[in-house]
Amino acid sequence: MDKIIRFTISLPEALLDGLDKKVTEQGYASRSEFIRDLIREKMIKDEWEGGYDEVIGVLTIIYTHHQNDLVQKITEVQHDANVHIMCNTHVHINHENCLETVMLKGMADDIVSFSQKISALKGVKFAKLVKAAVPIS
Amino acid sequence: MDKIIRFTISLPEALLDGLDKKVTEQGYASRSEFIRDLIREKMIKDEWEGGYDEVIGVLTIIYTHHQNDLVQKITEVQHDANVHIMCNTHVHINHENCLETVMLKGMADDIVSFSQKISALKGVKFAKLVKAAVPIS
Amino acid sequence: MDKIIRFTISLPEALLDGLDKKVTEQGYASRSEFIRDLIREKMIKDEWEGGYDEVIGVLTIIYTHHQNDLVQKITEVQHDANVHIMCNTHVHINHENCLETVMLKGMADDIVSFSQKISALKGVKFAKLVKAAVPIS
Amino acid sequence: MDKIIRFTISLPEALLDGLDKKVTEQGYASRSEFIRDLIREKMIKDEWEGGYDEVIGVLTIIYTHHQNDLVQKITEVQHDANVHIMCNTHVHINHENCLETVMLKGMADDIVSFSQKISALKGVKFAKLVKAAVPIS
């Protein structure tokens, strides 16, 4: 496990009160834990904008399996992709539609372009990419 | 399959040119297909804001399995939740961290509050909720 | 000015290194200043989702002044609105289009519905609402 | 004014019903008008991601004028900026805080970096950038 460093910060009193309210309301164990999550989130956002390192993406799609050849085409796009596909998960949400997540690793641009290709396929009705990254700690 | 209706819309020429460029660039099969995706996306966004119907959510989390009891706590939150959990998927992204997606069905508020509870657990380093819905067509 | 409180937080070393890099890169004066901004941003986001207090919105629109009666209609929507309009600013971005910001104060729902009405007017080509709030400190 | 082109698109019946409901609810004059707004919004989003053309940004900030030299520093950042500042608007939201919008024109990257510099100044408590563009039609 990583070494833990303690240090002091200063906040205006009203802001600290607000922080403590959030920590309690949202069920965080401590101020530190809450602030860690804020910092991590900011870092991941910047990492995607910078585009220098490998990042992680999760693509959520909803599509109709009644569409001819769609499953075939999704598979082809996946095989041609310049990204590492870690895992696919698939559930049936009603008689016509499937919900699927695709977990991806690669460069930000490649993950975005992969997601656009999937999203453009006829029969894919919804597509949204979550931009994540391996946490530095 | 749903009945398909044809109708006429009008666009300024320059906007239509821009549309056609998008359709080609992003690999859509037709203008109709592109416009359908825009309409569906707008509807899902509004459905989440309205909060009247059951919607679908996909929660992506990254957490350390070295954190004591975390897996236990995630399971407990899931069992107490006022949402239907359709499926969990789990991959190991390095020796310390796990990437997991949780597919959810329920009321928008309940899905948001479930996601906040998971996100606040000590050891959960990243959490992002994708707001989706069963497509009306 | 508000009383300033000092307190200690703990971060894993790698996360602290990452934080320090951000602080330097983005030109912040101190870690405290950076963390304050993260906390404030999170609070404002939650305030809009909660919907209990008066908030601040800034609506940016782009519209064509060649559209018949549009300026008249924008003014009417503003006069009927259940929100306090603090200020309008208007610049001409080319011979046809105007860029305008509308600064608003009121309940979150009312600001959203006001923005939707403006956005739907024929000739309004772009509309985006920034969700802000009076900072607690 | 731009030449208007009419063309036919096809939608599944349920999706068309949904579209018509949106058009009515949100007070749009016609389906065409609604679809035009969706296309324009998508284009502007892509234009900012592409980064090839001049775009428009509106930066909203909230800051305390009690902070020493802040107004001076904001002015300096503006004078050194590699972007065209079209207009500043300023209102007092309470005895301590000011709300300001800055309308900008320039390359996407320069507008983002300008906004980050302003956002990092001590005393600037909130900063959010709206990404817009001159509509192609």
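Of note:
Read from first to last, the chains carry the letters A, B, C and D; within each, the first residue is number 1.
As a working rule, contacts are C-beta pairs under 8 Å (C-beta built on N, C-alpha and C of every residue); 3 or more make two chains touch, one makes a residue touch a chain.
Quick caveat: nothing in here was measured; it's all calculated off a predicted structure.
Put simply, the C-alpha centre of chain B and that of chain C have 25 angstrom between them. Along chain A, residues 1, 36, 40 each make contact with two or more other chains. Taken as a graph of touching chains, this assembly forms a single closed ring in which every chain touches exactly two others.
The full set of touching chain pairs reads A-B, A-C, B-D, C-D.
Residue ranges on chain D touching chain C, taken from their complex, read 1, 26-29, 33-34, 36-37, 40-41, 44, 56, 58, 60, 62, 66, 86-87, 89, 91, 93-94, 97, 99, 101, 103, 105, 116-117, 119-120, 122, 124-126, 128, 130-135. Against chain A, the residues of chain C that register as touching in their complex are 2-19, 22, 31-32, 35-36, 38-40, 42-43, 46, 136-137.
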